[in-house]
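You will see chain A twice below: alongside chain B first, and alongside chain C after that.
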Partner chain A sequence: MTGAGVFFQLLINGILFGSMYGVAAIGLSLIFGSMEIIFIAQGSVMILAAYGTYFLFNMAQFDPFFSLILVLPGFMLLGFVLFMALFRRKDGLNKYSSLLVAFGLMILLENLMSVLWTPDTRAVITSYTGQALSFWGLDISITRLLVFGLSILATLAVSLWLRLTLMGNAVRAAIENPQAAALMGIKTPRVKAITFAIGIALAGLGGTATAASYSFDPTFGFLFSLKALIAVALGGIGSVTGALLGGIILGVLESAGAYLFTGVWAHAVSYIVFLLVLMVKPEGLFMKRTRSA
Partner chain B sequence: MLQIEKLNIFYGDAKAIKDLSITVKEGTLAALVGANGAGKTSTLLAVAGLIRPRSGKIAFKGQTINGLPPEEIVERGISLVPEGRWLFTKMTVAENLRMGGDASRARKDSVDSMEYVLQLFPALKSRYRMSAASLSGGEQQMLAIGRALMSKPHLLMLDEPSLGLAPLVVETVFEVIQRLHDEGVTILLVEQNVRESLQLAQKAFVIKTGTLTLSGTGADLLENPDVQKAFLGIGKDLS
Partner chain C sequence: MFNDRHMWVKIILAVLFMAVIVFPLSVEVEASYTITFLFQAFLFVAISQGWNLVAGYGGQISLGQHAFFGVGAYATGIAWMAGWVGFFDPLAFLLSTIAPAFLAIMVGIPLLSKLRGDYLSLGTLGLGEIMKVLFTQGGRITGGATGLLLPSSSYDTMMPYYYLGLGLAVSSTIIGWLLVRSRIGTAWVCIRDDEQAASACGINILKYKILALAVSGALAGLAGGLYAYNTFQIMPDDVFGLQWALMPVLMTIAGGVGTFTGPILGAFLLTGIFQLTSIHLPRIHPLFSGTFIIILALWLPHGVMSIIHRRQK
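Right, the complex of A and B next:
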């Protein structure tokens, strides 16, 4: 492969892989916006969805992408139930205890999945897994391309929902100024429940995408949460397209890091960039500096 | 319509409001005046449900409302235009107004309310699709008032609506307040512009360090030597 060929192949791999971080990051960003907690269990919920897709494929011959028609509503419902059970308190659960609850949920899910389904690495192998489109000397995996398309669709759907619907507008209002939103009559507990449910549904989408295109095991969750968090920081909190772009940038960095450096140093690249962004432009790469009005 | 009885508000150990009792009758334009830090804003925030009084009672149309969350209080027909406006600056003018009409009781009339607000503030019409952050100070205040009106309040509370505005814009704001009052909205106004608000108000309350010190008609208070000395710069003793 020529130098340019390697460059473009790495770029494409990074973009396709990063879009998965992006989907997880959008959910994380929405949940952070409305509830002010880092939902650290986001990655573990993703892996739970990955198992869902895996079992639907192996036991019921569901195509992994087709399994979304069950995973998406199922995880939205799961999100709603989790919110009602863990985060809804009339007297307002303190932010720090909410973070601890999220942390506990992550540990619980991780261990539960290991106990129930063993810590073995799993992968969904369909007839088209491993097939690639080839042109100009580049190989593009079909599953990863489909995952990328889904990520774009999900981002678009969430953006349009936030922009065009009354409920979506209420979510944006509550994220920007919860007190002002309450003065408008916006029911903030309902807004939180809905954003949380959507965030979890996005984790479900990310999980199905993971299962469809990569191998996974129960401990992948924490790493995904961490990467999604970096993607959110790169893109700027509260921005949906920013979160997707942040994920894609992270994916590209990692794919370049994995090529240029070996072993653990490959991971260091993304963390170094993360630190640099926090130091130089903490509001995120795509955010205008906020001014108070 | 609004009855506040023996209200006590604390911030930590600091007492902001002490045994405050005021009544605003339906259809009146009432003003709450006092120096900075007297507790005017605290009173309005407590009525709106954003801060919880330590003791006392707030009743609206005969029903106790203290302890209710702010979104419930809006449903009862009280709307607050907070000091500093609290606009959603990442949203457009239209979206801000739509949010104002999000309360269940106002939703079915939101199209009419929107039309009403836009004819009340024609300047907002031309800014309809623009970001709220791009508006001038006066336009932002009009948007804040318009947004509060979208919930079709029976009691409208305004906290320092003229603060930081150019004199001409201040006039417009007071005209609008007068007009709303003429249309039957009960109004509770907090203003640093004491002369103007007493001229407008049928009933006024003077509070000092969290306690009611004087009340009467706006006209009476304008003639009151203590008020003149403290707020209007009239009288020999300037200390």
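Right, the complex of A and C next:
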């Protein structure tokens, strides 16, 4: 392969993989924006969805992409239930204890999945899993391309929802200024519940995408949360397109890092870039400079 | 005087303190599991007190104490392997204090100089991961993935570990208390309560935030150094394990953030509960810890100490 060929192949691999970080990051960004919670369990919820897709495929022969019909509403419901059970209380839960709840949930989910389904690595193997489109000497996996398309669709759907619907506007208002939003008659608890449910549904989407195109195990979630958090910081907290782009940049960096450096050094690349971005443009790469409070 | 619940807490702590001092005299030290358990709890008290300064008084949530703990452990380990220090060498403890404090300052400058404090949590959480990578890739100096094997023939008895651990727990509490009572502590609380007002009053916010992180890093590192002398094998996956960051956070919040008795109570309570369940209920244990954390956070969002504060009002 020529130098340019390698470059483009790495770029494409990175973009396709990074779009999954992006989907997880959008959910995190929404949850963080409206509830001020670093929802570290996002990655573990994703892996839970990945198991859901895996079992739907292996037991009921559901196509992994078709299983979204069940996974999306299911996880939205799960998000709603989790919110009602864990984060609803107006008093009492401060930033320390909500962080604890998220951590506890992550540990619980991780261990629950290990106990129930063993820590073995899983992957969904369909008839089209190994196939790839080839042109100009580049190989593009079909499943990963589909996942990329799904991420773009999800990003579009969420941004349109935020811009065009009344509820979406309420969510944006609550993210920007919760006190003022409450004074304007926006029911912030309801806004939070809906945002959280959508965030968890996005984790469900990310999980299905993971199962369809990569392999996973129960402990994969934490690393995924970490990467998604970096993607959020890169894109700017509260920005939906920024989160997707942040994820894609992270994917490209990692794919280049894995090619240029050996072994685990590649993992360090994303963190170093994260620190550099924080120093140069702390509000995120795609945010306009605004007054911060 | 005995109606004062704070007084009761102090009395209980004083009795506990006496008990842990004389305890090794009453048991077969080498065979006792309780000694090892207490040693572990002492280390957690030190790390928790450090985290408490950053979070409870400084208002900044660091999730990277495992990075400082691990760097402290490696500082002692590398220096010992190189022959610069010996067994239980004060110089080694000094190194284990300075190295993580230096690291805390280096990451604190980019992470804390910006207005959004959330970045500290994100950045420090990643710091532990990157440190694990760096030390796994360290070649001969760090021993790679299998880590450093220290001369375990130096081990004689558990006694010095026990009392050094106790000393570390007590001194970390005293250092924290002295700092919080000083001008520095006043500045921390000002920053925690209202950053803009603190800044308007002429407090150098960045300086004080970094100072809090550096002190907490130093305490975690010192605990790491003592741990290194105890395990004799320093592995990246162990000393940079997430438990060294999460457990102190959990213990401090469970005990009561922003109090000095909270981290102590939390460290003993949680080390005890987790040890007992892993021994007696091995099958439930993995599910227990997560559930327990959630229940605790929902039921006592302000920690065990809040029961005492609440009743008093």
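In the analysis below, the second predicted complex is superposed on the first by the 289 of 293 C-alpha atoms of A that agree within 3 Å, B and C clash if a C-alpha of one lies under 4 Å from a C-alpha of the other, contacts with A are read in each partner's own complex, and residues count from 1 in each chain.
Criterion: a residue touches a chain if its C-beta (ideal position, glycine included) is under 8 Å from a C-beta of that chain, and two chains touch if they have at least 3 such contacts.
Source: prediction; values computed, not measured.
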Superposed partners chain B and chain C on chain A - clash or fit: fit
Which superposed partner A:Ser114 touches (first chain B, second chain C, both, neither): second
In the superposed arrangement, does A:Leu100 touch chain B (first), chain C (second), both or neither? second
In the overlaid three-chain picture, which partner chain does A:Gly185 touch, first (chain B) or second (chain C), both, or neither? first
So in the superposed three-chain picture, is A:Gly149 touching just chain B, just chain C, both, or none of them (first/second/both/neither)? neither
Once the structures are superposed on A, label A:Leu229 by its partner contacts, choosing first (chain B), second (chain C), both or neither. second
Taking the superposition as given, does A:His267 touch the first partner, chain B, the second, chain C, both, or neither? second
Per the overlay, which chain contacts more chain A residues, chain B or chain C? C
According to the stated criteria, A:Asn169 is in contact with first (chain B), second (chain C), both, or neither; which is it? first
Examine A:Asn177 and indicate which partner it touches, taking first as chain B and second as chain C; both and neither are also allowed. first
Could you grab the smallest C-alpha gap between chain B and chain C in the overlay, to the nearest Å? 11
What part of chain A is shared between its chain B contacts and its chain C contacts? 293
Can you name the residues of chain C that touch chain A in the complex? 55, 61, 107, 110-111, 114-116, 118-119, 121-123, 125-127, 129-130, 133-134, 136-137, 196, 242, 246, 249-250, 253, 257, 286-287, 289-294, 296-298, 301-302
Hey, which residues of chain A end up touching chain C in the complex? 32, 38, 86, 89, 92-101, 103-112, 114-115, 222, 226, 229-230, 232-233, 237, 263-265, 267-268, 271-272, 274-275, 278-279, 282-283, 292-293
Spell out the residues on chain A that touch chain B in their complex, using ranges where they run on. 166, 169-170, 172-173, 176-177, 179-188, 291, 293
Given the complex with chain A, which residues does chain B contribute to the contact? 48-50, 69-71, 74-75, 79-80, 82, 85-91, 95, 98-100, 102-104, 106, 132-133, 140, 147-148, 151
